[in-house]
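Shared chain: subunit A. Partners: subunit B in the first complex, subunit C in the second.
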Partner chain A sequence: MTTYLRPRDLDEGLHARAEHADWTVLAGGTDLLVNANHRAAPVGMIDLWRLADLCFVRVEKTSVAIGAGTTWTEVERHPAIRAKLAPLALAAREIGALQIQARGTLGGNVGTSSPVGDSLPALLALDAELEVASVRGHRRVPYREWCTGYRTTHLAADELIIAAHVPVPDATTRTSWRKVGTRRAQSISKVMGAAAITLDGDVVVSARVALGAIANRPIRITAVEDAVRGQRLGVAGDAARAALRGAIQPIDDVRSTATYRREVAENLVARFFSVS
Partner chain B sequence: MNVTLELNGETREVEVTPWKRLLDVLREDLRLTGTKEGCGEGECGACTVILDGEAVNSCLVAIGQCHGRQLTTVEGLAHGEVLHAVQRALVACGGAQCGICTPGIAMCASHVVDRGLLAGADDVTARAKVRELLAGNICRCTGYQLIVDAIIVAAREVTR
Partner chain C sequence: MERPSATGLAVGLAPVGASVPRVDGFAKVTGRALYLDDLDAPGAWHGATVRSTIAHGVLEAIDLDPAFDWSQVVVATAADITGNNFANFIRLIEDDQVALVPIGGRVMHVDEAIALVSAPTRQLAFIAAKHVKPRIKALPAVFDIESALAANQKLFGADNIFKQFLIRKGHVSDAELEAVFAGAARVIEGTYQTSPQEQMYIETQAMMARWDGEVCRIVGSMQCPYYVHKAMKAFLDCDADEVVISQSVTGGGFGGKEEYPSMLAAHVAVLAKKTGRAVKMVYDRDEDIAATTKRHPCRTHHRLAVDASGEILAIDADVVMDGGAYLTLSPVVLSRGVLHAAGPYRSPVVRIRGRVVATNHPPHGAFRGFGAPQTTFAYERQIQKLALALGEDALAIRKRLAVRAGDTTATGQLLGISVGTDEVIGAIEQVAGKPPVRDGHGPSGAPVRRGRGVVFYFHGAGFTGAGEQRLAGRAAVAVTADGGFEVRSSSTDIGQGAITMFSQIAAGALGVDPAAIVVVDPSTAQVPDSGPTVASRTCMVVGGVVEKAALAVRAKLEAWAAAHDVRGSIGEVARAYAVKHGELVEIVAYEPPPGIAWDDSTYTGAAYPVFGWAACLVDVEVDLDTYEVAITRCVQAIDVGKAINPSIVKGQIEGGTLQALGWAVLENVVYKDGKVANANMTNCIVPTFADAPDLETILIEVPYPYGPSGAKGVGEIPMDGPAAAVANAVEDALGCAFDELPISPEVVAASKPRWRKS
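Our next item is the complex of A and B:
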């Protein structure tokens, strides 16, 4: 029978993780429990659901710290996240539907690290840092270095994800997030992306542009970022579209063709740099 | 593992493996078969229950996670003979046909109505909100129109 542990605090969780590398770490279960009856039961489970040390949103001077245990419902409703980190709040509202948002957590999205994880391009565009910990101590990883391949990350076997630290964009930076799927709710993205664009008037000073569902992991599109620098909004949209063309090799799968994905991705990126 | 939870207002205990899905424990161990399985993937909402005040898919919760928690299933929605406003409205508006989705719809809708998630919205906005909030509940029969009607009626009745 599966052994069950609900740690009282992070310390107990980290010790269990260090001792039992083969136990499953579980939060909301909205990835892990899918089709659970057709999968082998784990040897043990470390249940992080509602672990107080991971359930927080702290608004700090220049950033917001979002605990790994924070649900999408909580992200979507949090006034500071809505006001300062709009792409994350917008992504939260389109993750699954009400029931999924009530259980699904930020830590779970980052832990699964699917190419279609909706919060992931937002974390890239906002230049978030992840805090992870083990009994060996805490460390921080820039989110742009987190994903190493298809559903693989830099998380070590004895580590837990603690929080995302997200810098608050300044007043000259405009942010966007957009998801394209078969319908608004409960649909896996065909293409989705986020951008943070720093402007001097209507001239792009710098930009971070990230897309999901077009490669084996969420990616920053540096070719687009370079192409728009110094351009006026509008013109920058055309430059972004042209630069994207050579920069991505979208996939064909059951959800969409590569041609469709490419066209949608181009429109999406161009729109980030449109006027107003 | 011994799991003790508050189920529909009563303390219940079960001896089960902690990985078993809440949905299966309800139906097989506790013989509460009102909660339905449609997909087992979190897509259809037929298995919706209220866990610690949130509407969740019971097919995606491991029973170990429910120890010490509060749970309401469709069997606990009515107060004795008195149906919940949402159940009354579903009956009155004809918001059910084959009925397989209905327990899940009733649970999700009761959450929406009891939490006042439609409060203050005019009719057009409220209808759009109902469609968004119930997007995780799939119905293959009704075409949704009468379900949306029922939830609007129930929300009005509860706020009155």
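Our next item is the complex of A and C:
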């Protein structure tokens, strides 16, 4: 038997979380239910689906706060996210397909922290910060420090994910996103990446480049970021390609090959720094 | 003004040729159709299967985990089959496949059934199955065609060859054939490989059995009730009326529910016997992908000899398929493969050799196209290479070399009636338009290269050779005791629209509205054996029988009305007749058209009563950053004889086309040590709507005088051609050949050194 709790507000959720470290947190369920048939039923369940305290998008002065309970449909349709945080909106519309987007949440993608979580490279490239909370209080963690390994994160056993705070890139920064999956929809990424590139004319001032599906967690590629600094677009693409070569160790699996992942990752990264 | 009838058909409009709505459509889209898993059987238990994890070995023991509580669970093994005096094999072409591997018996493939469990809930049955542990001593296993042919490890006979064929036309010896090749101005030669493919019907395999005294009643998801009946009669060693097989609403088959349901039927029958209850078995998706049949992987070596004027002098094809661990349907799949291997092209000399070999893969089996898609891929790649070698336009060369009425096929069959070559090629010519501009940029800004491919192909409709004659499929049309009209046939509706089509044909022949026709649910207790629901034969062959039976009923009713001075519509006459005499049944058996002669010993003569003809055009766009092949346009022009229901026919063509496009670029079944490594829907992918281009379908109707209203087969043909069209298009885009499926992004990436420099 599984005890089921649908908290009325965040506070009740946090208290339940504090008391029952072994209960499962449920949001849209699109990750959790996939393996439900193959696992023992959880002892208890805290259902956060549509919890008002987690369902919000707040446009602030220099950033946008996206509640953990926000679905991908909501992310994709939000005018401010579309206009200012394009990689996140683009990632949202490529997560699963319509049904999954209507149910899957940002908090769930971040909570699962799969190496193929599609929003995660976008959060890295946009230098998001996560807000988490427990009965002990709220804290913020830079997203680049969030993932600790294969599907592991800094979330403590009594904490819930509250929101992602995503700084809005300034006018001199251009952003990019591309997902390469096994097919066009309902598809697991073989490689995907996002970039935020700050330019002075056509010279790269600084860049954040992140890739997914090529390591045990989504990663920033600092070797590329260092290599492109001060380079002109175009030349920067070649430099990015060369720098990436030694920086990643993709693997062979049933979905693709290491060779393919490496080559496509290089092409994507080079494309991010191409002219036009 | 025309008034719509219950079927939406305007009164007075002929039912045949109209897109009346699907009889089963409303129940299906509203979720009211009851599939096997929806059927409620009070007190029914659930079954699960214990399977081998080893590809080849000897079963030494079956251990039950002593820590598990077995009090709620029944376990059955091969000993329960023999213990009940049942026969432990699944009858098909041979009786070589066991239902459960006995202790001391040989395990032939991963996921072979070893034991069964039954429990009050499905969950408990699945959990219990995990606590049954077969002990298997491994033997060396065979996973590829080369090792199978080397026959160091013997799986079947002395040479591991399940079946072989040799077809010769225009020559008597290999030396003679080689002389033609030696004298040719040009020889085009290549080896083509196609991959296994999963049917991915939406409803997984499902079956339920119940013993009613001495009678075993089986209901389930299936294409061919009488195949299951034949297998179960042998398995239970009983009389025909001691086992009743009924089809439940079936969520797709594509060949995957042609032979495999007999295995489930045997399993649920054994469990029902042992538990004394109804037992239901519904496969998990992962289990279904892992354990059931797939399209045969195939390797075809193909040679074309051409003279100085570009005419074909000789065609030589050598086809080898991987049959998997048991013979099952492999001989007939191979047969259709070799019979199509020369393609619809004129050639005075043809040699086709075919072999299907035993390996330790799960048995490969029926899948839409049934061997023809594999060899079509080979010959349409060859014709394309010839076009490139001669610098000739892709459609022009096909038009120049294609067979017409008066020509003969590889088996010497003289083509006479219903040859749609010029119509299908002409239709594509008309809509083709300009080929896409080679270089450009895709939506992501990545550079792309575009290309176009075309193919011309054919597909034999109905059973091969004397098959239809031997089978003499029967169907009945009846006036029921309460004066309604019934069609009784064992041809199943598996989503392809068979019952709607039958009701239209019967309505047309009787002169009534299709809504007045009831097509009876197929059960061996109430319908005659119309033959299996396969081989693009349901409309052309069984539909023709239904038409004859309906005409016979109508003639009888009209004669009776005249004799008794009864006036009114045919429906009114039928009701009057029923009041007086009760039921009126006309059972008709199939008779082949005149002049059909086939020699099975030499594989010569009329391989098929008639062929469907098709041409397909595909445009592709290859993304040079990701190496993905996007199909941007696909046009199929298919000669179907007559579209009884154009909307259903188009649906069949679109579905088959998308299956073929998926096979071309993204579908694959990956085996690792004989086990399906991608046995889930996440990794064993099929195209989604987002992957599908707008499919353009052109229906061509060159009537077949012996089909109902001129109709011939359409179910399989759309699957045969598009994969080669995609390969031809990608070759056009990149300037290098693609002779293996799938043309995945990984394969395209690896081909980069071979790309045309531009």
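Criterion: the second predicted complex is superposed on the first by the 275 of 276 C-alpha atoms of A that agree within 3 Å, B and C clash if a C-alpha of one lies under 4 Å from a C-alpha of the other, contacts with A are read in each partner's own complex, and residues count from 1 in each chain.
The working rule: a contact is a pair of C-beta atoms (placed from the backbone, for glycine too) under 8 Å apart; a residue touches a chain by one contact, two chains touch by 3 or more.
Here the structure is a predicted model, which is why all the values come from computation and not from measurement.
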First (subunit B), second (subunit C), both or neither touched by A:Val254: second
Partner chain(s) touched by A:Asn267 [first = subunit B, second = subunit C, both, neither]: second
Subunit B versus subunit C as contact partner of A:Ser276, first or second or both or neither: second
Touching partner for A:Gln186 - first (subunit B), second (subunit C), both, neither: both
Which superposed partner A:Ala52 touches (first subunit B, second subunit C, both, neither): neither
Touching partner for A:Val135 - first (subunit B), second (subunit C), both, neither: neither
Which of subunit B and subunit C A:Arg6 touches, first, second, both or neither: first
First, second, both or neither for A:Val43, with subunit B first and subunit C second: neither
Partner chain in contact with A:Ala97 - subunit B first, subunit C second, else both or neither: both
Shared subunit A surface residues [contacts with subunit B and with subunit C]: 37, 97, 183-186
In the complex, subunit A residues that touch subunit C: 37, 97, 178, 180, 182-188, 190, 254-257, 259-260, 263-264, 267-268, 271, 274, 276
Touching residues (chain side subunit B, partner subunit A) in the complex: 1, 17-19, 21, 24, 40-43, 45, 48, 54-57, 59-62, 64-65, 67, 108, 111-112, 132-137
Interface residues, subunit A side, partner subunit B - complex: 1-4, 6, 26, 28-30, 33-37, 41-42, 45, 47, 49, 73, 96-100, 102-103, 183-186
Subunit A-facing residues of subunit C, complex: 284, 444-446, 624-628, 666, 670, 677-678, 682-683, 685, 687-691, 745-746, 749-750
